[in-house]
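You will see chain A twice below: alongside chain B first, and alongside chain C after that.
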Partner chain A sequence: MRLKRNLNGFDPVTRRDFMSGAAKSLLGLSAMPFMAELAGAGETGAITLGGATARNVIYLYMAGGMSHLDTFDLKPGASTQGPIEAIDTRADGVRISQHFSQLAKHMDKVAVINSMNSNQGAHAQGRYFMHTGYQLRGTIRHPSLGAWLERMRGRLNGTLPGHVVVGGGANMATNGFFDASLTPLPIGDPSEGLTNSSRVKHVSESRFQDRIHRLEKMNEAFRGKYEARSLKDYSKVYEEAVRLMDSKDLAAFDISEEPDEVRAAYGDDRFGQGCLLARRLVERGVRFVEVVSGGWDTHSENFDRMGDLCPPIDRALASLLSDLDARGLLDETMVVLTTEFGRSPDIVQDRNLGRNHYPQAFSALMAGGGIKGGRAYGKTDGEGRKIIENPVRVEDFNATIAYALGLPLEFKLYSPSGRPFTVAHDGKPVTELF
Partner chain B sequence: MRHRRIARLFAFGAPALLLALVVWPSPADAEPGVSDRLHKKRAAAKIDSLVEAALREGGMKANGIADDATFARRTYLALVGRIPTAQEARAFQKSTSSDKYLDLVDDLLASKGHESHMYNWWADLLRARGRLPRRISGEPYIHWIKDSIAKNKPYDAMVREMLAAKGPVHERGNGATGYLMRDRNMPEDNMSNTIRLFLGSRVECAQCHNHPFDKWTQKQYFQMVAFTGGISYQQNPRQNPKIRSLGQEANKRWGRNGSRALRRTLEPSFTGIFGSGTGAARLPSDYQYDDAKPDEWVTAEPMFNPHVSVSIRLPNESRIRKRMKKNPKRMERALRRLRPGEVDSRGTFADWVTSASNDRFSKVIANRLWKKMFGRGLIEPVDDIKDRTAAVAPELMENVRALMVELDFDVREFQRVLLYSRLWRRQAVSPADTPGSLADLRGPVLRRMTAEQVWDSLLTLVVEDLDETIQDPLGPRADAVYTRFDTMAKATDEEILEQTERLVLRYTNPDEYRKQQRAERSKRQDDMRQKRRDNRDLFRALKRAQRDGNREKESEILKQLQDLGVVPPGFRAGRALRDLQRAADLQSPSPDGHLLRELGQSERELIEASHTEPTVPQVLALLNSFLEQRLLTNRNAVLSRSLAKQRGAKNIVREAFTAVLGRAPTSQERAEWTREVGSDGAKATQDLVWTLVNSHEFLFIQ
Partner chain C sequence: MRRSLVAIALLAGVVWLADGARAQDKSAPADGAKVSFEKDVLPIFEMRCFECHAIEYQRRPKGRLRLDGKEWILRGGKGGSGVVPGEPNESAIYMRVTLPEEHEDIMPPDGAPVSKAQKETLRRWIEEGAEFGDWDGIKRPKPKPAAKTTGPDDRFTAYEALSKDLDPVPSATIAKVAKTGARIEAVVPGSPLLRVEFVTGLENGTDEAVKALAPLRNNIAILSLAQTRITDGALDHIAKMPRLYRLDLQRTAITDKALETLAKQKPTALTKLNVYGTGVTDRGLAPLATITSLRALYLWQTKVTDAGVKMLSSQLPECRIQNARPLPAAAAPRQNNNRRRRGQN
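Moving on, here comes the complex of A and B:
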């Protein structure tokens, strides 16, 4: 019954995907044929679940654990606060760190969540949990949100990758137990774009095709010898790479096409340029783009380092929000900023004023894609220690994103070993945010 | 020269072996004696009988024996981390000696290539990074790892050195401090990493609460952390009068920026691992269980056998409490400053972890090396072992664990035994869907090469005598760090203050400082360019020597240039050559976007974070970049040269298959490609090499 209810909101293509996808996952077969079909359908095949408010996600990840007390949950006057001061923003009653003066002008679009809560206090575990909604275990790899979105909804642009990660590292976005074709496309340096995506000059198209043809013949023989998933995965990614080389939309990766003043506004650093790339990709139908900012693990010199870490985020996020807004993309694009955990309200004196890991309470942002901005949701106590109002667990946070995207929260997909999993684990969406 | 030697050895059979030994003496431990070999063969036979018994019991049969080409390729990749050259592959296949399988294993184990390959494995486990936060270099750590491999330091000794390491991290001889330095200011995380790495358990959950899926309590966790209690990552300036007096002087001359600049100047010199361990740790302030109180001191206590005990010396708090009764804030501060006395609990911990009677310690390394060789561990995953965890073949697991102890943790000998086994010679199996299945024991498991194996194999096709270029454990980067440290140690107060003064500008006028830095850099470059112009003839001679492959001459000229100060130590002429070094000699890890990273080299931030998954950028790099630039259109590449020498399409095809895949083409492949190459020589040859290198057969190890 549940299956039926969940599927009612979907158009025929998607419904078939779910059926065949579930069946194929059980059988360990691929879901590629459907993907190809969807690619042909393009925009016209677009599918929305009733109530879905967002089509895309730009997911900004502060790796290392962003201090909530020094960014979006300040406690002026408290002994836990330290030297960073709060400033007013365009949203009444929402005050943020002095380092976010540009973002302050756009806080009417942003909902601050000050009651985030995780149960993972180490980096690898925390990142993994935040990205997948499941705990890091030695026995299985869970897919992250972008992979779920692509798996359940397919691509809007059949030749571009379904989701992209700019910067990052281990235990971040992953296809998990899903097919390798759902691996996020990693981009190292956004200014370089997607390197090696065109043929070398002296190899003509027909010669290249010829090579690919011979290669496939060799690989087919090798695959006949071994029944291994890793081999099939390789073949698929080769196909995917070749398809991408032919894509008309490859230019999306080239941010040098943007006017200098736009590039400057986003900030001349990897994070800023990554946000600009994210906007270009979303415009062309890449539905999930993650941009990672590193260095937030401020065990020592927390306050000095905030002065270095925050301004690039301030610049980039302010530009991204106003840019998306001006292009009419903000309504359908959810911008999320999050991290693996907060930092301890207690300031560590003997490490040049550092803060330690603190998963009990931290902050995150959501904007666009149907989110009602200009307010803070959830509350911590006077020292930023305990959540005293509307706690949001990591699973709930992910469920909120999935809900906005119109993904069915209870729909189960199966790992190769036959274990059932859902997009946001057991999370409940925070519908008050919309 | 080494692989040529091996090639010759096979070509001429046994008499040449003796000759070869006379002409090119090997390191003392290179060739095991006859009785030693017999001993290892017996140990290997025991493994085989246990494997086969386990399979029989599960109603399965082991695979048949693989052909020589597959064996050679697999063994080169497993031991020296690269494919065999065409000569090496041919020589092995031609040899008729019945001992050739064991001989190959012995020869490769004794080679420099093996050290280079093992470094990559260790670097992934030990998170070896050349650059650590806050201007600390990881090069001494890398040097120490390489040196330990070169000396074949027993595994237990290596781990003991890391866990008990002390001293300034940049000082010569202190490389082992790098292990603890990786988790600077995070002794708790370091403890989790230590337990995961060396004891195979995941206890990090217990850092914040009792472990939900295992038996560990949070208190037990902190009792483990207590072993490293009192560790500090900087020499206390209070204990170093020189730093103190200089600090006052800098402050007097330039104010607060002076002390900052001084700290920046001196910090790398007094950063390291200090304190032998107090054996005590405080529970967190939010401790929530009934078995202890928040903030309570706990004493170091091992999480399982064998038992050791530590007696701690807690500070006397009552005196402070009494004296500062009236000022609770001051009292709180004073209490926080109190440190328990040092009792060398880190040494005790290191002994406990590495004790031969600590079964976990030997089990984990034996299992890791099993996995390294055969593709899947006998216990999977290798680092989440619980009481109820059973190995896929328990008797076999116990046997190899005991073997590790019997071999005194000699990692090289352990590998020798595994590779002497019949199992190693069997045809590869496709990996079972779930790791830790009996089916994986039917033969070595098919797997993609590691990133470093792919890189080093590609280089085998490009660089002549690749393994000759392997650097000594002390590379130029580590050497430079030690030299800087020594210079600072010898510097007079005035010299230090001079350096400090230059740095003050960094705080008072950052733009001007950057401008000065740039100017200095370009002046240095100009000077260097001038020097090189002055020695133009030497550089020309160097190029000639390189072109002719005259290694002796080349190193002679390089030495001359080095002595003249024209090139830094470790310099290799030509940008291409500098980039084309074995993975272990490149920057560790390679920068973002480097082919090695695309192929899955670990960022070395987390334990074993390398991967062998396909990604689009990786495939694009293979399709369109590296091969074209470095191999196909590079006439100096080894493969291009050897293909150019071949007469007739048939020979070209055979040479290409042997060089890239280590085997001759099948008759169908030969017919097809010979036709192509025959009608359109150069172009078709390029297409052939491109196809072979991009094939799954190249990337995967059978």
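Moving on, here comes the complex of A and C:
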């Protein structure tokens, strides 16, 4: 009885670690760090409700805090601007940083939000807030948007993971208090694709099947004795892993299938290749892919570093929008670019012109998935300090994504301790963007 | 601080009444002939206004008002139109020159005010309809056609219209059809309209499977057969779907014949058609011109030519035709590669 209680009381992280570790050691197989049941749709088709303007989300996250003044909310001539200049774009009246010359050609597809507002000025807290819509607390872990989507709408493609994070590490998207099966699949290096996803060579196919079979036998008795949810999760990991190993869609993870010029166009760096991978995954029915770009915490040498940080984003995002559009995917795929906070309008002189954290006002982008592009929403004052028009709180931003995905915003799901939570923490969607 | 035009209009209206009364005493251009813009008005503008309000003298005309062209005058400046035909006291050009001399908004700002006779000429010209005769002056550049933007998204309106008087398909029927391998769901939660696709098991997407969709045919709004094994034959069945709003045939073996079959059935709801990565040619585009409901057509990686696209575009001006994937050129090798790595802190 004590064992049963303990299993039920496991928090998701521990349980997941326990299971993937167990799978590795027992099977000679590096377990996929996800395990989900086929919600609704099976491979042979089924009925589920779903689909609004967006079916998929590609969520680009600028980790560290992207300076709004030096990217999408420039204030030419203001004392807070620094040396970066604004350029015209394909969208009338939308001007962006000189470092986004490729993206400028696609701004007719993009809505710039220049009135983002957060109340979290530290990285971990800001990041958590942006991903989940809730503040970081010691007592609970909230699910991020991808987990909500998978939890409420299920997967499109039963053999691939429901959502994927590229280059993020564990502190980005999370299943929160949802089942461990809703943990996103992390991909470290997009060029390597999904590592450890094939049978190890020294285990033959028949021996592998044999092991799985025997394991199932052993588990059967144990599961009969202890009816814990976590135990079911535990056996699902094998089923899912094996199914993925056999899946033809596994090739989605292999970006070496793409022509060289396409890979070059996206950019020969992790973010660019991550965006290319995101497109491939979305094309095969993975509904939520996050791609992370690091290094935006420009406390020192802000302007110098913008010249390094922006071009990979410029190239990757321009390629992604163009590619999605050509394939007819853009109008159902929402591309989001966001960050935990902006950077201070005041330039820190003694650190080679740096900028500090600034959650009061910052910028984000949305494109595709029903978003009406080619314009800017919200406004800051002449120095980029204060929002003077249409503020968008983090909860509202998330609600806008959820709204596009057709998720019920008021629908409550309960944490294990019985507390109610909603997908975007009661944020209001910015419907003017559609 | 400049006052708003409304305030000026009120204030100057009074001035005009007084001023106009005086002017009438004295007599304006005597004869009953109409004021000619070119002969009577333009010289006043040239002498007193062009210094600030003509591109020849000012790269950035003051108050964004230009008086050196008919279209510019009618467009007006910051405060709106400078001339309201027939209404001198609503026309900023007249109002501003008739302000009292000490008023901060009087035009011209320097030198003597415009003479009484000139004011009267302006007044009469406006009152008589502010006509320009043959004079055009400098023309405004034709506005660039606005880049076609994505959206506004009207799919909800379309879904609403299409689902009027439409009964939902019984779930037993859906379940039966789903056995063919199709994934079937409502286009938006609660709608009787259906989306049908083959996400996994693309090999299940055959002409037979499309034929098997017949029990759903009235309700299908979105049909995706991307990358499936269908042929032109599938279109015989697809064309019988009266509410088809969006059709995705990308990367299939279909040919021009498929589009011909489709167009023949006059799919009046069809708004988006994706045939990217197929063998479609200009010949296939021709029949599409009859589908006037089309708003988006995806033709990248087909055999259509620019001429074919141009032709169709002129026949379907409201349709956004996507036939390219412009990608940025490969980046030049980085000069200073260690700089990026320094970024993490």
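We adopt the following convention: the second predicted complex is superposed on the first by the 356 of 434 C-alpha atoms of A that agree within 3 Å, B and C clash if a C-alpha of one lies under 4 Å from a C-alpha of the other, contacts with A are read in each partner's own complex, and residues count from 1 in each chain.
As a working rule, a contact is a pair of C-beta atoms (placed from the backbone, for glycine too) under 8 Å apart; a residue touches a chain by one contact, two chains touch by 3 or more.
Just so it is clear, the model here is predicted, and its values are computed rather than measured.
Of the two partner chains placed by the overlay, only chain B lies in contact with A:M218; chain C stays clear of it. Contacts of A:H299 after superposition: both chain B and chain C are touched.
By the document's definition of touching, of the two partners only chain C reaches A:G374; chain B does not. Contacts of A:A265 after superposition: chain C is touched, whereas chain B is not reached.
Applying the stated contact rule after C-alpha superposition, one finds that A:A326 touches chain C and leaves chain B untouched.
Once the two complexes are laid over each other on the shared chain, residue contacts for A:L250 go to neither chain B nor chain C. Comparing the two complexes, residues 299 of chain A contact chain B in one case and chain C in the other. The part of chain A that touches chain C in the complex is made up of residues 41, 43-53, 90-92, 102, 105, 108-109, 156-159, 249, 261-262, 264-268, 284-285, 294-299, 304-305, 308-309, 311, 314-315, 318-319, 322-323, 325-328, 330-331, 367-368, 370-375, 406, 408, 434.
On the side of chain C, the complex with chain A involves touching residues 146-153, 155, 171, 174-175, 178-190, 195, 199-201, 248, 250, 272, 274, 276, 296, 298, 300-301, 322, 324-331, 339-340, 342-345.
Against chain A, the residues of chain B that register as touching in their complex are 185-186, 189, 192, 202, 204-205, 207-209, 285, 336, 381, 383-384, 428, 430-431, 433-434, 446-448, 592-593, 597, 602-603, 605-606, 609, 612-621, 623-625, 628, 633, 683, 687, 690-692, 694-697, 699-700. Those residues of chain A whose C-beta lies close enough to touch chain B in the complex are 28, 119, 121-125, 137-139, 161, 169-171, 180, 183, 185-189, 192, 194-200, 202-203, 207, 210-211, 214-215, 218-219, 222-223, 226-231, 233-238, 240-242, 244-245, 299-300, 346, 349, 351, 354, 359, 416-417.
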